[in-house]
Each structure stands twice: as C-alpha cells, then as structure tokens.
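Same chain, two partners: chain A is paired with chain B first, then with chain C.
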Partner chain A sequence: MSNVLKCEHLRVVFGGLAAVSDFNIEVEENQIAGLIGPNGAGKTTVFNLLTGVYTPTSGVVTLCDKDLAGMSTIQRSHAGIARTFQNIRLFKDMSVIDNVINSFNYRMKYTIPEAMLRLPRYWKEEKAARERALELLGVFNMQDLAEVNAGNLPYGAQRRLEIVRALATNPKLLLLDEPAAGMNPAETTALMETIGKIRDNFHIAILLIEHDMSLVMGICEQITVLNFGEVIAQGTPEQIQNNPVVIEAYLGKDRD
Partner chain B sequence: MTFSSLIAQFINGLQTGSVYALVALGYSMVYGIIKLLNFAHGDIIMVGAYVVYYAIASFALPPMLAVILAVLVSTLLGVTVEKVAYTPLRSAPRLSLLITAIGVSFLLENGAQLLFGADKKSLDPMVSGSFQLGGVNVSYAAVVTIVVSVIAMVALTILVNKTKMGKAMRAVSEDMGAAQLMGISLNRTISMTFAIGSFLAGIGSVLYLCAYPQATPTMGSMLGIKAFIAAVLGGIGSIPGAMIGGFAIGILEALVAAVHLSMWKDAVVFLILIIVLLFKPAGLLGKKTQEKV
Partner chain C sequence: MEKKFKIAMPVRYGINFALIVLGWVIFTVLFSTGALNDYWKGIVVNIGVNIILATSLNIACGYLGQLPLGHAGFMAVGAYTGAIYIKATPAYDLLRAGNTTAIIPYVIVAIILAALVSGIFGLLIGIPALRLKGDYLAIITLGFGEIIRIVITNIDSVLGFKFTYGASGLARIPKFSSFNLMYIMTVISLFLIHVFMKSRHGRAVLSIRDNEIAAESVGINTTFYKTTAFVFSAMLAGVAGCLYAGTLGSLYPATFKFMKSIEILVMVVLGGMGSMLGSVIAAIVLTGLPELLRSFSDYRMVLYSLALVLMMIFRPKGLMGTYDFSLNKSIENIVNKIRGKKAAKADKEVQE
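Our next item is the complex of A and B:
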C-alpha cells in the first residue's frame, strides 16, 4: 500500500525556538494514525505545517508522492488535505448544509450571470451540491439538522459538523485536531465508531491529535509521540503504552 | 405643511435614500469581508458620473449605453483599486489599509480635477417628466431610482444567500483562515466583493445623476460619507442593515428639508452618526462584538 502522507525531517523554527524538529511520519491509505504529546508539544504546529499555514524551515512533506513545498493553504486543500479545529471554527452564522456546501465551492463552475439568470448549470450544480451535502451529513445522522444555524448546534454536533465539512472537500488525508475534546464518554465511543466508518467508506488516511487515550489507543494503528517538538516514540498502541520514555514525558521521572 | 407635501418629501427621501443604500452596501460588504472602511468607495460614484457625462456630451452615445459603460467602468475601477492598493496590504495592520483608502480617495478626486477640471459638468436630465398620484407630484426619475435600487437589492440578497459566491463571501467574512482550509480562494472572493460593491456604486452614480444631473470631482466625498453613516446606522457589515440605513438617512434628510431646515441637513445626519456611535455602536442590525475582559 502506498503512503498518502509522508513527512521527512520536518522542522520549523520560530524566533530561535524549534517548535517542531525532525518530525517524520508515514500514513497509509485506510490507516488511522495518532499524534499525542503533552500540551505545547507542537502537535497543532504539525497540522499547521501540513496545511501550509506555517512554512517549514526545512524538511519535506509529500501527499501521495507529490511534494507540497511552496503550495498555499488553498492549493493544499484542493490537493486533498482537510482538517478540523481544536477550537471549533464553523461558519456559525450559516446553516449546517451551507457549511458543507462551502467545501464544494471550488468544484462548482457556474458564474454570477448564470446564477442571476438561473440558467441550467446553476440549478444542476446547486442541486448536486445539496444532495451530496445531505449524503455526507447522513454519515453522522445529521440530515435533519441541515437548515439549523451551525452556531445553534449542541457542542457535540458542532464537532461532528466540522468533520463533515472537512470530508466535503474530498480529502485524501483528514487531519482531526482533538475531535473528542469536550465530549462525554458515550459521545466519544460513538465518535470512535464514526471515525472507523469514515476510514472504511472514504478510503482516506486519517491523522488525529487527541488527549483521550481510550480513543487513541482504541482506533489508531500507529502512534507518534511528540514532546517539546521532538518525536520521542513511534509505534503501535501497545509499544507506546509500555514505552518508558513516553511514560516519563507524561508522568515525570521516577525518583528512585 | 400639507399631507401631500409630506408625501412628496417622503418620496424624495426614498429616492436619495436608494442611492445612499446602494453605496452603503458597498461600504458594508467590503467592511464585512476585510474590515476595511473603503473611503475611496464614494469616489467610484464620481468616476461613474463622469463616464456618463462624457459618453453623452462628448461621444453622443445613447443614454442606455452610457449607463452600461458607467457601471462597467465603476466595477473595473473598484477591482483595480483593490488589486493595486489593498491586496499588497492584506496582512498589514488595519490602520495602514484605512490610510491607503483615504489616499486612494484623494488620488481619485484630484486626478479627476486634473483630467476633467474643477468646474461642474451639467447634463440634461436623463429621466424627465412627472405624473400625479393622488394629488402628489411624483417624478419619473424618483420611480426609476426606487425601482432599480429595489431590484438591485433583491438580486444582491439572492446572490449572497443562494449562490456559491455569496456563501464564499459569508464564509470568508466569518473566518478567513477556515475558509481557505476549505479550499475557498481568498483573492477571488475578495475581488468579487469589491466588484459587486462597485457595480452597485456604478448603478448608484447613474441614479444620482437622475436626481442631480451634474458631475464634480468632489461629488463622491459627501455622498460617500452619508452612505458610510447609513452603513454604520444599519450596522456595518450587515447587508439588510445597509439598505435600511440608506433609506432611513434619505428620508430623514427629506423630512429635515420639509420643515424648512435644509441648511441643517448635513448636521442632522452627522448628529445621527454621533448618536449611533454613542448609544448603539453596533448599529440597528449589527452584531454585538463583545470585548474580551
């Protein structure tokens, strides 16, 4: 199986401080990878490097063997990287379905005159977008909420909508930034099932940041542990759980 | 004052109010998307007016063609100003943008004075005549102005709510970063906002000429400020707010004139600005922005 995401020696320096240094990872199609580490370890910085929000000081990122160097955030989105946010960043004043339809924007081709004159291409593309959006909302059983303002959704539903919106960009790689943050255990269990379902139905690679260890250990096939911007361990959930370096990073050193 | 003269003033107010509303929409949309008070926006109208004047007076084009030309030139000018003056400053502090906008405004006003001279260029009225409606004299110009602006506003509302362009504009104005991550092009969306705003200003300039058929280099400045006040009154960033604000300022001016206080017209409008800023800074339909403590 081929790698969807590959990072080699990724490094970014902010004012003399290496926020991420020598980050390497390979994520395959249909694989769920986890990125964990204490607060401030540089996990979200990795996401910002992958999506082109930050430019790496050095290192290479490839998506399906294509080098992403020099590509803007928008180009990377079109190339197949989508993400959700730790602090929810939905378009709160727009309806749920419009939040999803926005992700189809660049694939819809009609022009302003076509829209104003209501020509066939406008109807065709808008109808297709609506149908596809409802289908995607169906993955999370959210079709009934389509016309609700995104800002009025309950917290858990907002998190799920963020995932739907990211999926709507038709990604090859989905980055989830703390998808279970603020969810109760029942919601987290449901979320785990859905993430598995997404992997199976969409055949994409998923890289997720999460503090909820039951989720990480439950669904990730490989885990990368960051501490102070450096990868301190990488492996299967079992290997990570028993790794003394990881335990030390999280709990501190044993005194004797 | 008789009832019929009150109605007549009210119609006058609606007429100027429609122009204010069209211009206020441009202010509000641009502010909504890049948080810029585009003080050069009023001057777009001045350029549109000169286009109409020269098209008719020098090239003897039919008025309809002159109108289309004016709207086209205004739209292009708006997008050009955005590309040349504002795009390079996208990540600069908002204050630099604001100062640049004032600079562009001076450039356009003084450029026009240099090119066209400081004197008034008067046109024959494009729409003349009037009719009686229940004892009130209504000019055709007023009817054309009100009808055209209402159509433009309905079209804009549909565009913003029902099309991918409008949805992209709303997404960018809410969260530029998230919109980019969803693959929405910032450059294209921002240019489109300027194009639509300037398109409406172009229509506004033609309608303004229906009421006051003359062009001067500084005509856009007071009109722009009034439209800005209309946008603030309605809640800057809000599209229905700009429409309501525009009509409200227009009607208010007419009513001030109706009680023979025409000289105080501008003062009253500025007083409204002060009152809004003091007591309801978010405007009638604007969203409350909470300050973080």
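Our next item is the complex of A and C:
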C-alpha cells in the first residue's frame, strides 16, 4: 500500500528557535496515526506546516507522491488535505448544512452569472450538493440538525460538525487537532467510534493530535512522540507505552 | 413523520413577483390620486437610491464582514460616469420635449456604464485594501473615498474638454430618475444581491465573514471572493449614484464627502449587519424620518441622534440582526405548525 502522507526531514525555524526539527512520518491509506507530546512540543506547528500556514525552512512534504512545496492552504485543501481546529472554528452564523455545502465550493462549477440567472446548472449542482451534504450528515446522525445555526449546537455536535465539514472537501488526509478536547469520557468513546467509522467509510489516512491517552492508545496504529520539536519515539502503542525516553519526557527523570 | 409542507420553486418566484407588482400598483395609485404629492414622490425616489446604497454596502459590511468607509466614493464615480455620458447624448432635449420613452436606451447605457466604471474602481481599490483588515481597511477605504472626491473636484477640464466642472458642479443633467425607473432598479438590485447570496458564491462570502482561516482550510479562495463581493458592492453603489444624478439634475463633489459614507453605514448598522431587509427598513426610516421631523427642524438632529442611541442600547445588533425575512418560508412555517397541531390532536384522540 502506498503512503498518503510522507514528511522527510521537515524543519521550521522561528528566529533562533527550531519549533520543529527533523520531523519524519509516513501515513498510509486507512491508517490512523497519532501525534503526541507535552505542551509546546510543536504538534500544532507540524499541522500548520502540513496545511501550508507556515512555510518549512527545509524538508519535503508529499501527498500521494505529489510534492506540496510552495502550495498555499487553499491549494493544499484542493489537493486533499483537510483539517479541524484545536479551538472550534465553525461558520457560526450559517446553518449546519450550509457549513457542509460550503466545503463543496471547489467542486461545484457554476459561475456567478449562472447563479444570478438561475440557469439549469445552478439547480442541478445545488440539488446534488444538498443531497450529498444530508447523506454525509446522516453518517454522523446529524441530519435532523441540518437547518440549525452551527453556533447554537452543543459542544460535542460542534466538534463533529467540524469533522464533517473537513470530510466534505473529499480529502485524502484528515488532520484532527485535539478532537477530544473538552469532552467527557462518554463523549470521547463516541468520538473514537466516529473516527473508526471515518476510516471504514471514507478510506482516508488520519493524523491526529491528542492528549487523551485512552483515545490515542485505543485507535492509533502508529504513534509519533514529539518533544521540543524533535521526534523522540515512533512506533506502535505498546512500544510507545514502554519507551523510557517517552516516560521521561512526560514525567521527568529519576533523581538517582 | 409526514412530509413537511414546502412551496415549490416556481410558485415562490410567482408569489414574490406578484407582490412586487402589487407594490408598484399601490404606489402608482397613491401618486395618481394625489394621496402622495410630488414632494413625497421625490422622497420616495430618494428612498430608492438609499435602499440600493444601504443594501450594496451591506454586501461588503454585513455579508463580507469588512468595514469600508469609502462608499460615497463609488457612488460619486457612478454618478459622474452616468451624468457625463448622458449629458453627451440628446437625452436632455428629449426629456424637455416630454419624450420619456426615447431616453430609455440612453438611461440603460448610463446605468450599465456607471456600474462598470465603479466596478473597475472597486477592483483597483479592493485589491490593495482587502489585504488589510478591520480598522486598517476602514482607514484606507476612507482615504480612497476622499481621493476620488478630490480628484473629481480638480479635473474640471481635461485637455480643454469640460469634464466634471469641478467644485462649481455638473449642471443640466436630464432628470431621468422617474419613480418607475427607481422601482425597477431597486427590485433588480435586491434580486441580484439575493440570488448572489443564495448560491455557492454567497455561502463562500459568508464563510469568510464567520471565519477566514476555516474558510481557507476548506478550500475557499478567500482573495477572489473578498474582491468579488467588494466589486459587486461598488457596482451597485455606482448604479445608485447614477440614479441619484438623475433625481437631482446637478452634481457637486461636496455631496460625496466622508459624512455621506457614514450616513450609508449608519443605515446598514441600524438595520442590522447582514440583513437585507434590515438595510431596506433602515434606509426607509432614515430617509423618511428627517422629513417627518421637519416641523421640529430645530430639534431634528437631536431626535435623530436620540433614535440611534436608543437603538444601540436596546437592539445593539440592529433592527433585524442577521435575520432575513422570507414570506414563503414564513408561510411554510405557519402551515407546518398548524399541521403539527392537527396531527398532535389526532394522536390524542386515537389514544383516548
């Protein structure tokens, strides 16, 4: 199976600080990979490098063997990278379904004059988009909330909607930035099921940042540990749990 | 669950079209019976200009979420473009001879030219200005608006050809803005804004307002849509300007001062940013109110300010907030509610 995401020697320097130095990862299709590390380790910086918010100082990012160098956030989204945010960034004053349909924008082709004259292509594409959006919301049991304003949703549903919105761009790689932040254990369990469902239904690669170890150890097949911008360990959940370097990074070293 | 009541698309357009015709008939009857005299007719036409101005600014302000303060500049560009063109045609003499139908093609060309030229100015100003946000965008657009006014004041003659007549003003413009033209143009403007906003393009604009970073992350070309919305807003302001020139018959650069932009902005804010109906109501109220308060002319500005202050205290999000009224949706909701009650009643009877 080929790699969906491949990072080689990724490095970014802000002033004198190497926020990420020599980051390597390979994520395959249908695989869930986790990125963990203490606060300030550079996890979100890695996401920002992948989505083109920051330009790497050096290193290569490839998506399905395509080099992403020099591409903007928008172009990377078109190429197949979708993400959610640590602090929820929904379109609050739009309805749930409009939040999702907005992600189809790039794949809908009707032009502004066509929209203004309401030509057939407008009706056809709008209808198809609506159906597809309802179908997607249905996968996550949100079809009844379609007409609700996104800002009025309960917290858990907002997090889910962010994931649906990201999936609606038809990505090859989905980046989840702390999806379980602020959730109680029951909600986290539901989220784990949701993430599993995404992998089974959409056949995409998932890379997630998470502090909730039960979630990371429960669903990730491959874990990368970052500390001070450096990869200190990489492997299966079992290997990571027993790795002394990781334990030291999280808990500190014994005095003697 | 039973299927929800929904009005079919052609019927929706039919209902709206019927309402538009009804509105026109009511006004025409009021004018012909003399219930509204010529003075009020003038005010109604003015209200039309202000509705187009307010709703066009609402695109950039309410839908796109930016704060441009140079709207009067685009209005000036449209006004002068339309006026200079129509002065070069025989429209003035035709109108004096009472031949109102013969000037229609000239008026249409004038309006289209006004929209195009203001659109070009909107593009030229929008590309650099939209790289900024918030206060910075406000200040740079304010500057551009003033530049346009000062340029108009100073290019009274270009290469010996009389152009804008500078500060002394452009006079003898045919007064082509009749009530009918105003009504049609207002409806067309509102319709264009509506169909633009209810499309993938409109959704993209709204998503940029709500969260630009997230909009980029789902592949929305933010630069393109910001510029498009800004240009669209400028074009409609140009149309309003052209119609304004046709109501007054003369143009002075001093009309398009900074305070004019603020006046339009007040309408948008009062109506509620992001609500087209709000902008329309605010434009009607803020154009009509000063006329109604004319008998208290000494206190007019006090009452006007008081109305605004009270507004900001009790409805800080504007009259309508971001709510947009749709008659068809309201009918659907009422019918669904009645049906729901009937269904509940039937259920109860069955249980009993």
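Please note the rule applied: the second predicted complex is superposed on the first by the 256 of 256 C-alpha atoms of A that agree within 3 Å, B and C clash if a C-alpha of one lies under 4 Å from a C-alpha of the other, contacts with A are read in each partner's own complex, and residues count from 1 in each chain.
Methods note: a contact is a pair of C-beta atoms (placed from the backbone, for glycine too) under 8 Å apart; a residue touches a chain by one contact, two chains touch by 3 or more.
This structure is a prediction, so every number in the text was calculated from the model and none was measured.
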| item | value |
| --- | --- |
| Fit or clash between chain C and chain B when superposed on chain A | clash |
| Partner chain(s) touched by A:102 [first = chain B, second = chain C, both, neither] | both |
| Touching partner for A:58 - first (chain B), second (chain C), both, neither | neither |
| Partner chain(s) touched by A:214 [first = chain B, second = chain C, both, neither] | neither |
| Which of chain B and chain C A:78 touches, first, second, both or neither | both |
| Contact residues common to both interfaces of chain A (with chain B and with chain C) | 51, 72-74, 77-78, 82-83, 85, 89-94, 98, 101-106, 108, 110, 112, 115-116, 122, 125-126, 129, 165-166, 168-169 |
| Residues of chain C defined as touching chain A within the complex | 192, 195-196, 199-204, 206-207, 209-211, 213-222, 228, 274, 322 |
| Residue ranges of chain A touching chain B (in the complex, touch as defined) | 51, 53, 72-74, 77-78, 82-83, 85, 89-94, 98, 101-106, 108, 110, 112, 115-116, 122, 125-126, 129, 165-166, 168-169 |
| Residues of chain B defined as touching chain A within the complex | 155, 158-159, 162-165, 167-168, 170-171, 174-175, 177-186, 192 |
| Chain C-touching residues of chain A, taken from the complex the two chains share | 51, 72-74, 77-78, 82-83, 85, 89-94, 98-99, 101-106, 108, 110, 112, 115-116, 118, 122, 125-126, 129, 165-166, 168-169 |
